[in-house]
Amino acid sequence: MTAKTLIVINPNSSQTVTDGIKLALDPLRKFGTPIRCLTLAEGPPGIENQRQADLTIAPMLELAAAQTDAAGYVIACFGDPGLHALRDQTALPVAGIQEAAVMTALTLGQRFGVIAILPASIPRHLRAFGAMGVLDRLAGDRALGLSVADLADPDKSLDAMIATGKRLRDEDGANVLIMGCAGMAQYRATLAHETGLPVVDPCQAAAAMVLGQIALKLSHRGQPDA
Amino acid sequence: MTAKTLIVINPNSSQTVTDGIKLALDPLRKFGTPIRCLTLAEGPPGIENQRQADLTIAPMLELAAAQTDAAGYVIACFGDPGLHALRDQTALPVAGIQEAAVMTALTLGQRFGVIAILPASIPRHLRAFGAMGVLDRLAGDRALGLSVADLADPDKSLDAMIATGKRLRDEDGANVLIMGCAGMAQYRATLAHETGLPVVDPCQAAAAMVLGQIALKLSHRGQPDA
Amino acid sequence: MTAKTLIVINPNSSQTVTDGIKLALDPLRKFGTPIRCLTLAEGPPGIENQRQADLTIAPMLELAAAQTDAAGYVIACFGDPGLHALRDQTALPVAGIQEAAVMTALTLGQRFGVIAILPASIPRHLRAFGAMGVLDRLAGDRALGLSVADLADPDKSLDAMIATGKRLRDEDGANVLIMGCAGMAQYRATLAHETGLPVVDPCQAAAAMVLGQIALKLSHRGQPDA
Amino acid sequence: MTAKTLIVINPNSSQTVTDGIKLALDPLRKFGTPIRCLTLAEGPPGIENQRQADLTIAPMLELAAAQTDAAGYVIACFGDPGLHALRDQTALPVAGIQEAAVMTALTLGQRFGVIAILPASIPRHLRAFGAMGVLDRLAGDRALGLSVADLADPDKSLDAMIATGKRLRDEDGANVLIMGCAGMAQYRATLAHETGLPVVDPCQAAAAMVLGQIALKLSHRGQPDA
Amino acid sequence: MTAKTLIVINPNSSQTVTDGIKLALDPLRKFGTPIRCLTLAEGPPGIENQRQADLTIAPMLELAAAQTDAAGYVIACFGDPGLHALRDQTALPVAGIQEAAVMTALTLGQRFGVIAILPASIPRHLRAFGAMGVLDRLAGDRALGLSVADLADPDKSLDAMIATGKRLRDEDGANVLIMGCAGMAQYRATLAHETGLPVVDPCQAAAAMVLGQIALKLSHRGQPDA
Amino acid sequence: MTAKTLIVINPNSSQTVTDGIKLALDPLRKFGTPIRCLTLAEGPPGIENQRQADLTIAPMLELAAAQTDAAGYVIACFGDPGLHALRDQTALPVAGIQEAAVMTALTLGQRFGVIAILPASIPRHLRAFGAMGVLDRLAGDRALGLSVADLADPDKSLDAMIATGKRLRDEDGANVLIMGCAGMAQYRATLAHETGLPVVDPCQAAAAMVLGQIALKLSHRGQPDA
């Protein structure tokens, strides 16, 4: 019989992103719960707007339901598509990486700054932060300002992340940074070093939160075992 | 050489409370970091107002500094006395149980209700929730309404907790409950069962969060190792 | 050639609800734009949670795209499933009935009360009001408290609506009421008469807003014709 | 017998402004309700502070009361002087152009930017947005920065509007713009084209909202006919 | 030559109210600045809605301008009609009793409750608290629930004030009370004794604040002497 | 017998700062209550973080208790260390200079800007403004950006204050400035003149508020004499 497993679903179809997530979660494997990272085959290569995000929900819910050894779930897209739908479907703990990143950041600095990949994501983030009720803690949300071509270049991406992090720190007053995307954890240490600020990788934050909830038998239903 | 240890400080002088905290953290021991629960000898038997809370800070900071094997800290009083002072003193992760309970509850239900021991604590809580910027998510904060004598009676305490939890659910619209006190984790399952709501024990929430931050090398300073 | 038409999509599969919406919009036909009300065949009989709501988005987007004579859209489910996804898909004006009802109510009274059909809808509403940034104007959101059987009885529904409206007025301080459901416009006048408060039917509010935006060539894209 | 008419009152004494408003409302004439635009003879040439605004209320209320064929009212000064006073005087629908512009903008973009004519208006706007409870959605409020002489020059005004709109978009993150003045609708299309953002003319927004409320028999009193 | 004098204007025409205000300010006469309390002859006997409030502004501004020995002003109507208009007219310190009562209450308890005379005043208060940005501190705003006849009976008024104060304390969680009306200071001590809460008389609060600003040469203009 | 006296405690050990405070309060001596300014010998030379602030509380509470002729208290450190602890200890009026400065500033301009000495103070300020519930009124909080050496130079300090005040006015939209430090009142007039904005010295604001509360027998306990 398989041990109960934390299921992490990357709702875009990029295996590279999933691989990056998997690597980022290594430090949490010692917590004793297996972690399985899945790629949503039906997802787009990248999620760029609300329409694409919403269209991942139906296949994601099916993929989640098929994991019969699940102990809990992480939806690994900054934007948390289907977060509350999956909570309607299961009593097991479910984290969205955006929500978990924010809740973690709020313990690390008074005002958080978000590094968005694309400018068009910012209104989507702001709706989510409003729904979470945390706008008073938001310093700013800024996009990298890179073309799609440049985003594929790790050096240009890292440079843009550092520059954006410094603007969030210096112009917006951020005390902690959130990387507004899954699969960028490999840049975390450098970004923290260059900005002098704590940096939250949202997949790490979400996996840590769900692992804690699994261990503590916490559930949004009140009765996780029912 | 001792393994790096999570230090949990109960800032009141009640060993019974510390024992209750210790028991509540058992499910988190499998995460691989030792946990040591300390009682602040200089604290009052119970912390009932801001003055008592503030006066624990100086000895708590000393006690914390003396734990040379610390990997991180939990300040185990709902009210988080000295939370930011200890963050000024150390780069290691530090959680206050109030802050951590709120951040955890925000992932379990849209509006959280708080069960306070004493009515006089409520303004103190509200100041903290305001500083955290989460008042839009607060359903209500209600006191048990017990005399000091009745608080010592576990049956009366549990009954009052259930009754208060149901009022928070039915009159205030709470979707998740926070136990506004350290050392009450033994009531958690019953309270969740009776109200049908998720119930957060703040010490469990704080320890889980700090253990995650330790594993992920997260720090409010940005550079935890410096 | 067909005149450009306002498309109203009921994302549940109940033709009775669609018929009720159609009747409610009669007073707006004199504005000169044809109105066509569609039922989403793929929808559930009624939308009761976020999961059901999210699963209507994909077929709703297809249905919307197929209306080649569209001048604008109304998504007629209180919860606004797919609102921003449809705005990603088209430059034509799009209203969600929840968003439009709130914006209309804010011009009719200082604090709005919402009559929800089911208690489980309330957290979903609160997330939406938070995303809209209007929680400071919310008096309360209360469910009818009827069984599914009783909801099918118009007399019991109307009685419960009046009782709920009076509680929102008297206990929560509502100055204006929003009917938190499509297809209940036939009760509006009676409810207003019995409570003495303005009552907003969300489908009417949404259709009126979009008809105004069509006439004024307003679009969320800035350039409606592009 | 005269058909019931929408009364639009410009509370400053500039006929040029009233003429601009009249022209801006042309697209709404097909809604079937006559529209009459009036200039308040007792008003100042332009309203520049709260004192001037407040002093228009008494004559505006008299002018409104004298329109015996009124079906509803628009107060066409950004600042909404006398909005609630007129609502106390009549059960007919009443819109202020500031309030209506904001409620319209909130359906067109996540954060709205306001183009103010004069810097001194900004605190007045902020008080109003606070009373409306919409500050979480405000991106910024910026003045044109023109001298009175330059404001009379249409080319300089348009240039300043475009520059201000771009700053609201680029520095403040606005997704939709509100023209913070009556009688500037002629610049709307150009401003939208140059900034790529939706642009709300407040008089258009207010007239559209009141025409909808008239058709739907909506009133702040609950019983519009009483 | 007359010493510079604090001018307190009661914008209703009731000399009894003015006399009550005058008496309430006696404890502040030792601060060394003469205080003159004026009744606005043009005002209504009592101000019951926004329309009546707004119509007092023009004559109030004239009365204020005629006081050539003014050192500062208090507008003594809860609702602060003309507060910002008078600040536009003069560089001298100006207090509204509502604004000053709130700012004083915020230093005396975490959440303030307001005792309103009439239910219709509550939306007006809420607009003002929103403009002040202090809604997170509001516990509740409740009306006395008396008929006009009963309001004239001091015993019934006091009884209703005590009952309303206790509801604000027990049901709404108020830690400090504001009397939402000028001229009720004679009930303050009894109300505080019966509820055990601090009670703010708004005229006292406003006069104390302006006397402080006069002594400190503070002005909303920055340069009080100009 | 000594007249009841306002006790002002500077919780840092700098007599120069205390002397500056004393001078700043001269205009309030005519209010008739003696004022005594004390230096906390146990305090650090300057308070630079939350840890230092919290460690002043215990000796400050003792010093306060020893003043047997106290009529009320001012805690003269921007950060208000021990404010609520001292309110727990005494029924006499107690002001924190940060809280009082904010409440005063809110009557002088719509949005307040804060001039902080050190950047590290800003998160501490923001927590306090959040607890006060006034973040919607905050324009910005900016540090002087001076080295410790330069802070000792009055000319450089004044220049930096003026530059910072102008940035708060021009970039952040501040309408009123708060000097975020005790003992800088001597710069107030120049700063107001150079920026054209009202400037609040927090010690003056706090002393004026407490003197008013003493005269009016106001207390956070409701019954100041008990």
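Should a chain be cited, it is by its letter among A, B, C, D, E and F, assigned in written order, with residues numbered from 1 in that chain.
Just so we're on the same page, a residue touches a chain if its C-beta (ideal position, glycine included) is under 8 Å from a C-beta of that chain, and two chains touch if they have at least 3 such contacts.
Worth saying up front: this structure is predicted, and the values here are computed from it rather than measured.
With contact taken as defined at the outset, subunit A and subunit C are each touched by B, D. The interface in A-D, A-C or A-B that matches D-F, meaning over half of the contact pairs are the same by residue number, belongs to A-D.
Ranked by how far their CA centres sit from the centre of subunit D, the chains are topped by B.
Here A-D and B-F are compared, and the pair linked by more C-beta contacts is B-F.
The geometric centre of subunit B is 42 Å away from that of subunit C, both derived from CA atoms.
For the pair subunit A and subunit E, the distance between mean C-alpha positions equals 51 Å. Contact with two or more other chains is made by residues 109, 127, 130, 132-133, 135-136 of subunit C. Per the contact rule defined earlier, chains pair up in contact as A-B, A-C, A-D, A-F, B-C, B-E, B-F, C-D, C-E, D-E, D-F, E-F.
For subunit F in complex with subunit E, the touching residues are 27-28, 30-32, 95, 99-100, 103-104, 106-109, 132-137, 176, 192-193, 195-201, 204-205, 208-209, 211-213, 215-223. Those residues of subunit A lying in contact with subunit C across their complex are 49-55, 57-58, 61, 82, 84-89, 124, 127-128, 130-133, 135. Interface residues of subunit E facing subunit C in the complex, by the touch rule stated above, are 122-123, 126-127, 130, 135, 141.
Across the complex, subunit A is touched by residues 109-111, 136, 173, 175 of subunit D.
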